[in-house]
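The structures considered in this document are given below.
Common to both upcoming complexes is chain A, partnered first by chain B, then by chain C.
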Partner chain A sequence: MEESFAPSVIIEPHTVDTSEAVTELRHPLLRSLKELALDLLHDWVAMIGLIGLIILLVMAVTAPHISPYDPAKQSLRDRFVPPSWMEGGSPEHFLGTDSLGRDLFSRLIFGARVSLTIGFITLAVTATFGTFIGVISGYYGGTLDEILMRWVDIQTAFPGLLVAITIIAMIGPSVENLILVLAINGWLIFARIARGMTLSLREQVFVRAARVAGCRDRRIIIVHILPNLISPLLTISVMELARFILAEAALSYLGLGIQPPDSSWGLILAQGRDYLVNAWWVVTFPGVVIAMTVLFINMVAGWLRSVSDPHQRFKLRNS
Partner chain B sequence: MSAYLARRLFYSIAVVIGVSVAVFLITHQLGDPVRMMLPLEASEEQYQAARQQLGFNDPVLVQFARFSVDAVRGDFGDSLWMDAPALPLVLERLPATFLLAGTAIIIALVLAVPLGIIAALKPRSLLDHVASLTALLGLSIADFWLGLMLIFIFPVSLGLFYTSGYGTWEHLVLPAVTLAARPLGRISQIVRSSVLDELDKNYVTAARARGLSEQATLLGHALRNAAIPIVTLTGFELTRLLAGFTVVVEAVFGWPGVGLLAVDAIERQDLPLLQADVFVVAMIVVVINLLIDLLYGALDPRIRY
Partner chain C sequence: MGEPLLRVEGLRTIFQTGKQVVTAVSGVSYSVDAGETVGIVGESGSGKSVSMLAVMRLVPSPAGRITEGKIWFRGRNLLELDSAEMRAVRGKDIAMIFQDPMTSLNPVLSIGRHLVEPLKLHLGLTPSQAKTRAVELLQMVGIPDAANRLNDYPHQFSGGMRQRVMIALGLSCNPKLLIADEPTTALDVTIQAQIIDLVKRLRREFGMSVIWITHDLGIVAGLVDRVIVMYASHVVETAGVDDLYENPRHPYTLGLLSAIPRLDTAERTRLMPIPGKPPDLSNPPKGCPFAPRCGFSTADCLSEKPTLREVAPGHFSMCHLELSKQAFINLREVRVNA
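So, the complex of A and B:
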């Protein structure tokens, strides 16, 4: 279940002349904010994505303050109230209520917390572990590299989601286990890309100079190699975040992810499934929120991809 | 060629072994498989007796050796739920999954290739933006949600097609369309970018200079060279559908394939069946990956193994 709509440059860095790209990437953090903002202004798609994402994050963080109701509060008198703009809808429940009379809007706001938190934690775990393995593998090379990369190859060939649900079936569903199975599949792409970049960086003049100057391996990796990986890995991270959010939703939908009374978008959707015919809104809105979130993330990813590629950035600026 | 083939085969065998070890570890060492297979009211003595009888008290390596020998013989034990050997139960479900995933990939290809080409011919035009947005939407929508929405729109509201079931093409339409959304997005993105890349190259300029029509340049030259990444990605997407996405879509539509079987096996705590299911799907993924690799050579005569 590995996403890789990354540009071919990133998939196989050693097949292209990376010297130019690497120079460009050398100081990704130093590129002025003004320049980044300029790029952003030229790309309205990215702008929408970024603003949408920020709104969602603010909603997730401030959930207890902005949510109109307690998301778990049941009210059997108010079951299946339609959205406020529909006939029979009530202004008290903007998006209506579910089969237990819980306010759907409040539940979605709180669900955002769970879904986004799991996405970000999984991302942190996979990016750290994958990058570590990739850098070690690329930097030291030899047998270690061979073993680690064969491991990555073999695991890539696994039926990811099926293995994930099997593991969950064996160890039981919980938030920790959910993050674990998502991470098991997620670190591979980070390892592969970090290794490829490290392989070419290792031969760059500035790394060789550092080695001649007597730097230890650890210092070379932390000071000279890792900063150059940030830009390409950032793009992958954003795309992976989208994938984790979708995968969490799917597992929760199958009953193998978040368990009640906790709630995530996928679970809200699953709970509304049996009432699709008389209460379409309980199924529809969580799906819309998932799609919007992932769409926003993908829009930002597209922009990051084009700014980290100097050729594309040139085209963007001059169009 | 033969050296390459040998290397690929060796690699495939390594994957098969890796998969076996993983399936064994997951189903025998994670959690408590014996507890899972016994009814809830089983006493402690019954539990211990079952552990002993099923061999869970043996050393891990002995257990793994037994598991491997049985797996090679195609013996994954009897399904607890259906009370029959597990492997035939899984194999019996395969055609349904192949039909579903195959149809979905064909739908995705048929729509994605023109969509990507249109976008590539007029980059940054309105058409390109619409095509790119369609692709992004396909990637961003949760497939199970799309399935439920289609169920609500077609069978529930319009009385068209079926909410679930298997047998006629009318049963196939909704699950296949649902499953096609994601590969559609991915394939049209790669078609756009690879056609765009090819159109920039010198041989295309040369073809145009020779007075070739735009259509002949595109179809005869650019598209042929763009085919390799497209075929690679399509094959990759097919394995991804088989290896996971069919699970969710089959569950939504009650489509009797290997994915739904896995979900049912989990629900019924049927370990032998689940184990056989994962194993069979993993083998299929390995075989398809091998076939894709071999296909490269046929597509691109420059590739000599």
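So, the complex of A and C:
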């Protein structure tokens, strides 16, 4: 009898109507989405950033439908047409054309696909792998931690771009290989931060309390440690995302990234550099798009960080 | 009454750092009956918290280790359980609350989430049952508007409220034994009194045993049935609470009692601190651990370690000497006048 769960016996003097709480909790996902939207309305900087990012994403996804021209279609008669608002510009080419007469606007739209895909996939791979290694290393400590962290140290000692160039030179350039080399270099920071945070979280009283309550290691890591890592790791994620997009641009610029006739923002920039003096727009617009993407991402980052930390979020709402 | 709920026999726990071995608990034995409240009193480093962590099998490893002893809980030796069986005991049969309520709750999980987890884990409740029960638990520990506070986060609660939540969390699976490790030390005096009243009420409602660890003899007086006094990894005295206050038999206990400030005595008596400091547990003295600080120590005390013996029915003391209350009063006179 004493083993059975019988709350009504114990809590007789405190019977209350709890139905209200239960109905309110029924759709936790919907409720948190609604709260998220409300929080966003208070932060116009994040709002602009998010709208900008959404426009870019929609552009990338719907590229074949919205781009005015085939991005690879050449027209040597229309070389270096300036943007439409300039003297000599044509209304047919909004942002002008490049050295082979390809429409720059269409190329940028298609380039977004490649640049953003590489950015987000690399981020997903590095954040997952790095956090996993970092949490394991920090939580279990000891020899495992030593081995994993020396691995990180050794890898950090090599300049990232050099490693990337070497590997690409060996295995050849392609989207998959580009993601691979960026990921090889990118997970280190996630591992470092996740380990450091885990080391201090592991000693917190609430982790001990969880153990006292009969939680096993796996549960402690998933329920108690990971949620505490979300806020800081999200911030790094966003900054890393910007870095991956820039790194892809850099590698493509060096000729080790995306190969023609495909295009990415970095590649368009690279192909335009020889004509910088007489056709500034071929270099400028991809540069502006890259810069704006990074800016939008950073605008959203600050907000995401405060929202994913309950304490910060509370302060935000009540300020 | 037959078998006690918890019986610790000859428990020894050591911490090893490099070559240094510190004995945190040396050969401690005690028992707790069902429904009984026991206070464990001692200064910092006396082994009171470690002996409780040993009961939970949560002595920080690899440095700490239980080297000897048996811990009988409801007929099973906890030291022989495998880790899955031990996890089932933790939280369900034995719950523990900690000193600092400010850090005992995970800052990124809502209060509801904290409460619902163990209910699902140990009792296998469905999410909606668990939520209903969580609200009941919060009301039981006196949190107003409990239903609406489930979604709040720990930082939205004050220290006293958080300790109430911790207690609710501890009691969520109807444990047989609640271990409270200085749960009121970090709280205001008024909140302390509320928490103590709360525990008093709940232990009746739940019919559970409570072990209350503290360094404050004043708190223990109105709360517990029996007191265990620990000093330098040993149990030096154990007795019923009234007996202990009336007739302390161990010089250390007397020292503790004399060091409590009192407001109710007529004359202005000076507080009497215990001189010296506790022994180095990595190199414990051969004789009685308290002898170097004791006003009554003899040559025997320094060379031979006393054993815990029954000096009166149900009253045990680890001292060679048969000391009377008068002897203590005389010593006090000598010290105060010196």
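Here, the second predicted complex is superposed on the first by the 253 of 319 C-alpha atoms of A that agree within 3 Å, B and C clash if a C-alpha of one lies under 4 Å from a C-alpha of the other, contacts with A are read in each partner's own complex, and residues count from 1 in each chain.
Here, contacts are C-beta pairs under 8 Å (C-beta built on N, C-alpha and C of every residue); 3 or more make two chains touch, one makes a residue touch a chain.
The model shown is predicted, which means the values in this text are computed figures rather than measured ones.
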Which superposed partner A:Pro261 touches (first chain B, second chain C, both, neither): neither
Touched partner set for A:Pro91, first chain B, second chain C, both or neither: neither
Partner chain in contact with A:Gln204 - chain B first, chain C second, else both or neither: second
Touched partner set for A:Ile230, first chain B, second chain C, both or neither: second
Touching partner for A:Val212 - first (chain B), second (chain C), both, neither: second
Chain A residues touched - chain C or chain B, whichever exceeds: B
Doubly contacted chain A residues - partners chain C and chain B: 5, 7
For the chain C and chain A complex, residues of the former touching the latter: 56, 58, 83, 87-92, 95-96, 98, 100, 103-110, 112, 117-118, 121-123, 125, 128, 131-133, 135-136, 139-140, 146-148, 150-151, 153, 155-156, 166, 169, 174, 205-206
Residue numbers on chain A that touch chain B, as the complex places them: 1, 5, 7-8, 150, 153-155, 157-167, 169-172, 242, 246, 249-250, 253-254, 256, 266, 269, 273, 276-277, 280, 283-284, 286-287, 290-292, 294-295, 298-299, 302, 319
Residues of chain A touching chain C in the complex: 2, 5, 7, 10-11, 14, 16, 18, 20-22, 24-25, 204-206, 208-216, 219, 223-224, 227-228, 230-231, 309-311, 314
Partner chain A, residues of chain B touching it in the complex: 11, 14-15, 18-19, 22-23, 26-27, 30-31, 33, 36, 124, 136-137, 139-146, 148-149, 151-152, 156, 186, 189-190, 193, 229, 240, 242-245, 247-248, 251, 259, 262-263, 266, 274, 277-278, 281-282, 285-286, 289
